[in-house]
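Labels run A, B and C following the written order; every chain starts at residue 1.
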Amino acid sequence: MCDQKKTDNKEEQQKDLAEAMQEKSSRRSFLKGLSIGAAAVSATLVTGCVPSADAATNEELRLRWQEYFKKNYRLMTQEEKDQTVSRLERLATLREGLEVQIGSEPPVKKVLYGYAFNITRCEGFMECVAACIKENNLDRKTNTQYIRIFEMEPGKLDPSEGDGKFFHEVPVENKFYMGTQCFHCENAPCTKACPTKATWREPDGIVVVDYDWCIGCRYCQAACPYFGRRFNWGKPEVPKEEVNVKQHYLGNRLRPKGKMEKCTFCIQRTRKGRLPACVEACPTGSRVFGNLLDPDSEIRYVLKHKKVFRMKEELGTEPKFWYFID
Amino acid sequence: MNENREKNLRTFIVDVIRWNFRGSIAFQLFRLVLIGCMALGIYAYSHQAKYGLAVTGMNDIVSWGFYISNFTFLVGVAAAAVMLIMPAYVFHDPNFHRVVIIGEGVAVGALVMCLSFIMVDLGGPLQAWHLIPVIGIFNFPSSILAWDVLVLNGYLLLNSLVPAYILYCHYKGRKADERKYRPFVFLSIFWAFSIHMVTAFLYQGLPARPFWNNPLLGPRFLASAFAAGPALIALILAVVHTATPYKIDRSVFNKLRLIIVISAIINLIMLFSEIFKEFYFPTHHSISAMYLFFGMDGHNSLVPWIWTSVCVNLAATLVLAFNPGKNNPKVLLPACGFLFVAIWMEKGIGLIVPGLIPSPLGEVVDYLPTWVELSVTLGIFALGITVVTWLVRTALIIEDRYGK
Amino acid sequence: MKKLPKLGAGSLAAGLLLLTLFFFDTKWSAASETSFLETVKGHDVQFDNRSVRQVLPVSQPTVLAKEEYQGGTFQVLARKQEIERYRCSSCHIVNGGKEVRGKNALTLTHGNVVVNHGQEGNALACIDCHHPEDRESLEDKKGRKIDFDHSYQLCGQCHFRQKRDWLGGAHGKRVANWAGDRVVYNCTTCHDPHSPRFAKRFPVIYSVPLK
């Protein structure tokens, strides 16, 4: 008797479930939901999603299409590199009206770049920062700076104890000045972290980014212990008359939005035997640059004869940027 | 109701769509709200796609923000489905067998949200194909992000294909062959632990960030996931129990409570261990923890955030542990809700942002998400809830009919 | 059913083994005791600076330095063309000839030179560097004549540490190029010999704080 009642209840319950699912199963509610959804999606697409369709010529679209599907720069043959470079030059002319020369020079053989910074001689003039901005076409809107200069209290070598935002007459007595930028580590944590190998260390020691291959995940920026990397949060803007037209694919060409960038030891200059802009601009000669594999170079002289140290050496990143005192 | 109609994959899909577009007024209103939120999210994302990530609150110092915080937390929620699978398949608890499918639905929804958060956080989402091996470059095994992509997608496949197979079999009115899917269920138990450890290793493996670079981060992630995930599942099961005719036994809730309490207590022990390490003898490596708990250089926007989270976490854990009211759902379910929110606060913003502040050169800034980030997040949460609703509703209908 | 815990344990062990294999390959490279510096310092082959083909030679006038650095000879930027009133012999007698004299001649001709070289009260006098008879030359403490273009030989008598560093490359700077023939700045290209210390000034730019 009880069992019968239990099974009856169970059947009723199951019937209720089925009915509940079928309630108000009119076509009206189905169509209503669908139409509202479609309206919402189309409204949002019209208001925001469509990219600005200003007069993009067929040629520009064709070039952008080809650029979109290209390989990682490191895997390209020299011919493919020349092709992409000429496409980018043409796109720069079409889009910004600039005549640029984008180089694709390979690394110089038997060269490993090294850098030294004299913390006795730096007086905080920040000529290096200004020169870097001009040379590397850094975004003027967000005041991106690869180089940071810290006013330091003697006795403390940690830049977190220093002041990176000073703006007063320099040098202040009893303070010293220390500069940081990407240190181009031999054992770089950033290149290890990149999921697509869009950043790597070139054979001549420069850690580079292929801007078109980068997906903008910013894992490398989280991994860098020296605040060496900068991200293009928006589209970088450089006034047309200030653009440096002598560019390199891996260096100072105009970067797209949403990509990582960093100091490249002025690859567009150094692969042609010139000093980086920061070294050349320094009025006190605090910066030394050269070939670590050349036993007669200035950088090797500094490493041999001066008291040198590197920042956060305990992390084992092996930076190629040394600090020294006179 | 056409019981004799021929059933195949096409009718399965049609039926799924049909079941989810029908329902009571309350259900339709719920779906409408979700669609509205998703539309807002799409509009905000289009704004971000046009102007770049500059419209978010992120900058070169706080390079990861609200999106990655939510991603981190939700991977834990996805992993927590294992806490339903283990009692069902390893300990053969029949009541848990009934709710496993709901847990897997939640896992799939959480994973969809995780992958969406990653996509909206990318600066170059159109270049995402660069990750695919052969046509792009996949930096496996060096990059932990590559590992994460692999394990998350694998877990998504496991948790969607196994229930899909079971539900399709039940839809067709026959018993699913347990020998076919049992090894995959066991694989997914192991995989659930690994997805969250790998996500933890993303942060743990960075020597540049001393706040994250400690060995306890991985186990801490697991503990907090197995506290927050089952708490959410308990809430969802309560909703299913009250709003639908699919009834769930009390013992499921009691066992979930045990799982939550143990995980939450382990989480608090680990928190205490971290606090001891940072504050007993603070070094330069402790400045991130200093910033988080006490503020630094006048920047203290996260201080009330973390203290609220810790206090609520503690209170909810105590309530769940001491169980006043003796398993009274009116006490336990709010406690679960509060625990979930507290862990979201601590594991999301309370973990990602302080890890990046101060910068490696010692500069302190504050982080505040903008309307774009909040809207996109809302949209993605709505997407996740929609996915879970679709999956759970489909599962319940099929299970109910199969049970007849 | 009984096989399953073993299956689980087996898969766990396999997974852990795989993970450790993957991580050890990276760990070995990082844990090596020798830093890349050892390899660098062991590199003793001279680098052919001419191998960098695109380097542009320095266009400014240079002279061959009278001393050598570790890499051999090098060039120094010439200075004489920068000196306003060079060819001092147009007024001053060099080895006989008529001397030009005038009222307040020193103030009129060299009044802009303020000597601020050395400590307060103990500053250098003009005659400490300039040759008393031959005004077109400098004179060191041993009485040797030193050409204006090679003033480093004079400066180096007192500032011998800086001169040693300058020869090696830790002081001063190369001109324009790191490759190619070495051309460096002369002492007086950067340091005004009468007031060598760099003036205090505002930095040319500042770092914009992020919010």
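To be clear about the criterion, a contact is a pair of C-beta atoms (placed from the backbone, for glycine too) under 8 Å apart; a residue touches a chain by one contact, two chains touch by 3 or more.
Remember, it's a predicted structure, so these values are computed and weren't measured experimentally.
> Taking contacts as defined above, which has more of them, A-B or A-C?
Ranking A-B and A-C by C-beta contacts puts A-B first.
> Taking the mean of each chain's Cα atoms, which chain ends up nearest the overall Cα mean?
A
> Using only Cα atoms to place each chain's centre, name the chain farthest from subunit B.
It is C.
> When the C-alpha atoms of subunit B and subunit C are each averaged to a single point, how far apart are the two points in Å?
Distance between chain centres, rounded to whole Å: 58 Å.
> Distance from the CA centroid of subunit A to that of subunit C, rounded to the nearest Å?
Measuring from centre to centre gives 31 Å for this pair.
> What parts of subunit A, by residue number, touch at least two of the other chains?
142, 148, 164, 192, 316
> Which residues does subunit C have that touch at least 2 chains other than itself?
26
> In subunit B, which residues are in touch with two or more of the other chains?
59-61, 142, 363
> Flag every residue of subunit C that touches subunit A in the complex, lowest number first.
Residue list for subunit C touching subunit A: 26, 29-30, 35-37, 40-41, 43-47, 49, 51-52, 54-56, 69-72, 161-162, 165, 168-174, 176-180, 185, 190, 198, 200-209.
> Of all residues in subunit A, which touch subunit B in the complex?
Those residues of subunit A that touch subunit B are 13-14, 16-18, 20-25, 29-30, 32-34, 36-37, 40-41, 43-45, 47-49, 51-52, 68, 72, 75, 142, 148, 150, 158-162, 164, 180, 189, 192-198, 212-219, 221-227, 229-235, 256-260, 315-317.
> Quick check: in the complex, which residue numbers of subunit B touch subunit A?
1, 19, 21-25, 28, 31-32, 35-36, 38-39, 42-47, 49-54, 56, 58-61, 63-64, 118, 121-128, 130-131, 136-139, 142-146, 149, 202-203, 206-209, 244-246, 284, 287, 356, 358-363, 397, 400-401, 403-404
> Taking the touch rule as given, give the residues of subunit A at its contact with subunit C in the complex, in rising order.
105, 108-112, 114, 116, 118, 121, 123-127, 129-130, 133, 142-143, 145, 148-149, 164-171, 186-187, 192, 270-275, 279-280, 282-285, 287-299, 301-303, 305-306, 316, 318, 324, 326
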